[in-house]
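Please see the structure below; I have some questions.
The letters A, B, C and D name the chains in turn, as written, and every chain counts its residues from 1.
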């Protein structure tokens, strides 16, 4: 069996509406620093205590897109996993995530189009009981028979 | 003048439909390695030549969310810049971005709601002449008079 | 169900001799640079073309420990996955890995001690058909009934 | 004298049983984030406070292999230093290393085989007075006369 076959995630036929997967990751100061470099988002909201303390949340908050990056963690490694292609993502930022808070991200299959090889997933991020992000992902997922 | 005031980006009254800003960043192998750790997305599509060569694009591609992170770079530093809050973002992934390709990201103001302090921006990413991502951002932007 | 339970990997009762899991990752120049910083191993064998060309392999090679780090990738995320504790690892470096080569790492369960909650795995790394590392891992894996 | 000669570490004739070298490095949150990407080990034991608090150590711990990577730091830069080849390494993980703790790693020559150009070293990692790792390294070290 090839590396490709062994590492491949779920095929479209393996998916069912209601399936879920999660990942959990603490938002560290280090990740915020590094993500600033990778994204070019050096907004002092994320990097300067002095600036952030005069803003609405009174302290530095994580980049919304860094929080959202956990979604690709779930989709790309668990549900559906390797072999899928990302077609679109929507996200609403519902609450800020502060340094040291832990984000738990859940993806739930909400729709499957077998003919077009497309799957829709609800993507939710939580800090404790507070939902900080909701969104929807659309992915292309290969068929077993076409491989 | 305080650090806060000097660093602050545009206020809602400063914005006009049609204003644009861009950022440009090469997608490096290093960024992909590091983003895998930050996002938890260790999908071999991004990290393994042996896996990727059997997929549709025949070589490793960047995480779509890493490409998209350039959007927050433009919004958070240039238009509207520090002081805004990210409310939502949509994105369609139109084409893959390969290692070493340079992503140029443009944000264009498309709508302003002065009463609710909200601005809508079209967000487009290009590699050369190929559009690799399109999307829309919604942000809360403070008023001068309310500060 | 708690985050802990949902993210937990296999329990000792789930394991059987012969089970395998793999991961595949290209050894990039970026990873070598970064690993040099994380490990303190700034040996010019890994970082200087001028030094390396006078050595046995005539070009820079990856740190053996960077290649070996793929083992913890397989063990910590797949087999047995989250919840295990690393007790020991042996490794023999059989051949060098060069920049741009893709390492495929396989873990195979070779022994299970239900009383002591210990599992032994053979850990093998390959570049194409060439085995570059072999070794053995010992892990503590929790029981379902004790949780 | 060439770069190669000036940078070269100890030759087999320079080594004596009992020689030691150390290195010391703090295990930072940043290193754990980045090592997760390099190794593919995104186990929430290392990355999620919410997951880790229900495990035995009650908080996130460093990847054992990240701690062990300090060994290659000592061997590759100090004893014997550039020019050696890594043949094998064993390691026992004796205690967890937490974020912010400083690992001091000592290598001690325990055996020399002049005919085969091989040297054995005891490799020990400590956090304060607590030994967190012990192991043994075997390296090939060149002779002066053969160069």
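Methods note: contacts are C-beta pairs under 8 Å (C-beta built on N, C-alpha and C of every residue); 3 or more make two chains touch, one makes a residue touch a chain.
On a predicted model such as this, the values are computed, not experimentally measured, just so you know.
Novice: By how many degrees does chain B turn when fitted onto chain C using C-alpha atoms, rounded in steps of 5?
Specialist: In degrees, rounded to 5: 120.
Novice: Sort the other chains by how far their Cα centres are from that of chain C and give me the top one.
Specialist: Computed centres place B farthest from chain C.
Novice: Taking contacts as defined above, which has more of them, C-D or B-D?
Specialist: C-D
Novice: Using CA atom averages as chain centres, what separation in Å is found between chain B and chain C?
Specialist: About 34 Å, centre to centre.
Novice: Centre to centre, by mean C-alpha position, how many angstrom separate chain A and chain C?
Specialist: 26
Novice: So the centre of each chain is just the mean of its C-alpha atoms; given that, what is the distance between chain C and chain D in Å?
Specialist: 15
Novice: Cα centroid separation between chain B and chain D, in whole Å?
Specialist: 40
Novice: Among the residues of chain C, which are close enough to touch at least two other chains?
Specialist: 3, 7, 23-25, 31, 34, 73, 77, 104
Novice: What does chain A use to touch chain D in their complex?
Specialist: The touching residues are 23-26, 28-31, 33-34, 73, 77, 100, 102, 104.
Novice: Where on chain A does chain C make contact in their complex?
Specialist: Those in contact with chain C are residues 3, 6-7, 22-24, 77, 104.
Novice: Which of the residues in chain D come into contact with chain A in the complex?
Specialist: 28-30, 32-34, 42, 44, 47-51, 60
Novice: Which chain A residues qualify as touching chain B in the complex?
Specialist: 2-4, 7, 23, 25, 31, 34-35, 38-46, 48, 50-51, 54-56, 63-66, 68-77, 81-83, 85-93
Novice: Spell out the part of chain D that touches chain B in their complex, as residue ranges.
Specialist: Interface residues on chain D, with respect to chain B: 33-38, 40, 42, 47.
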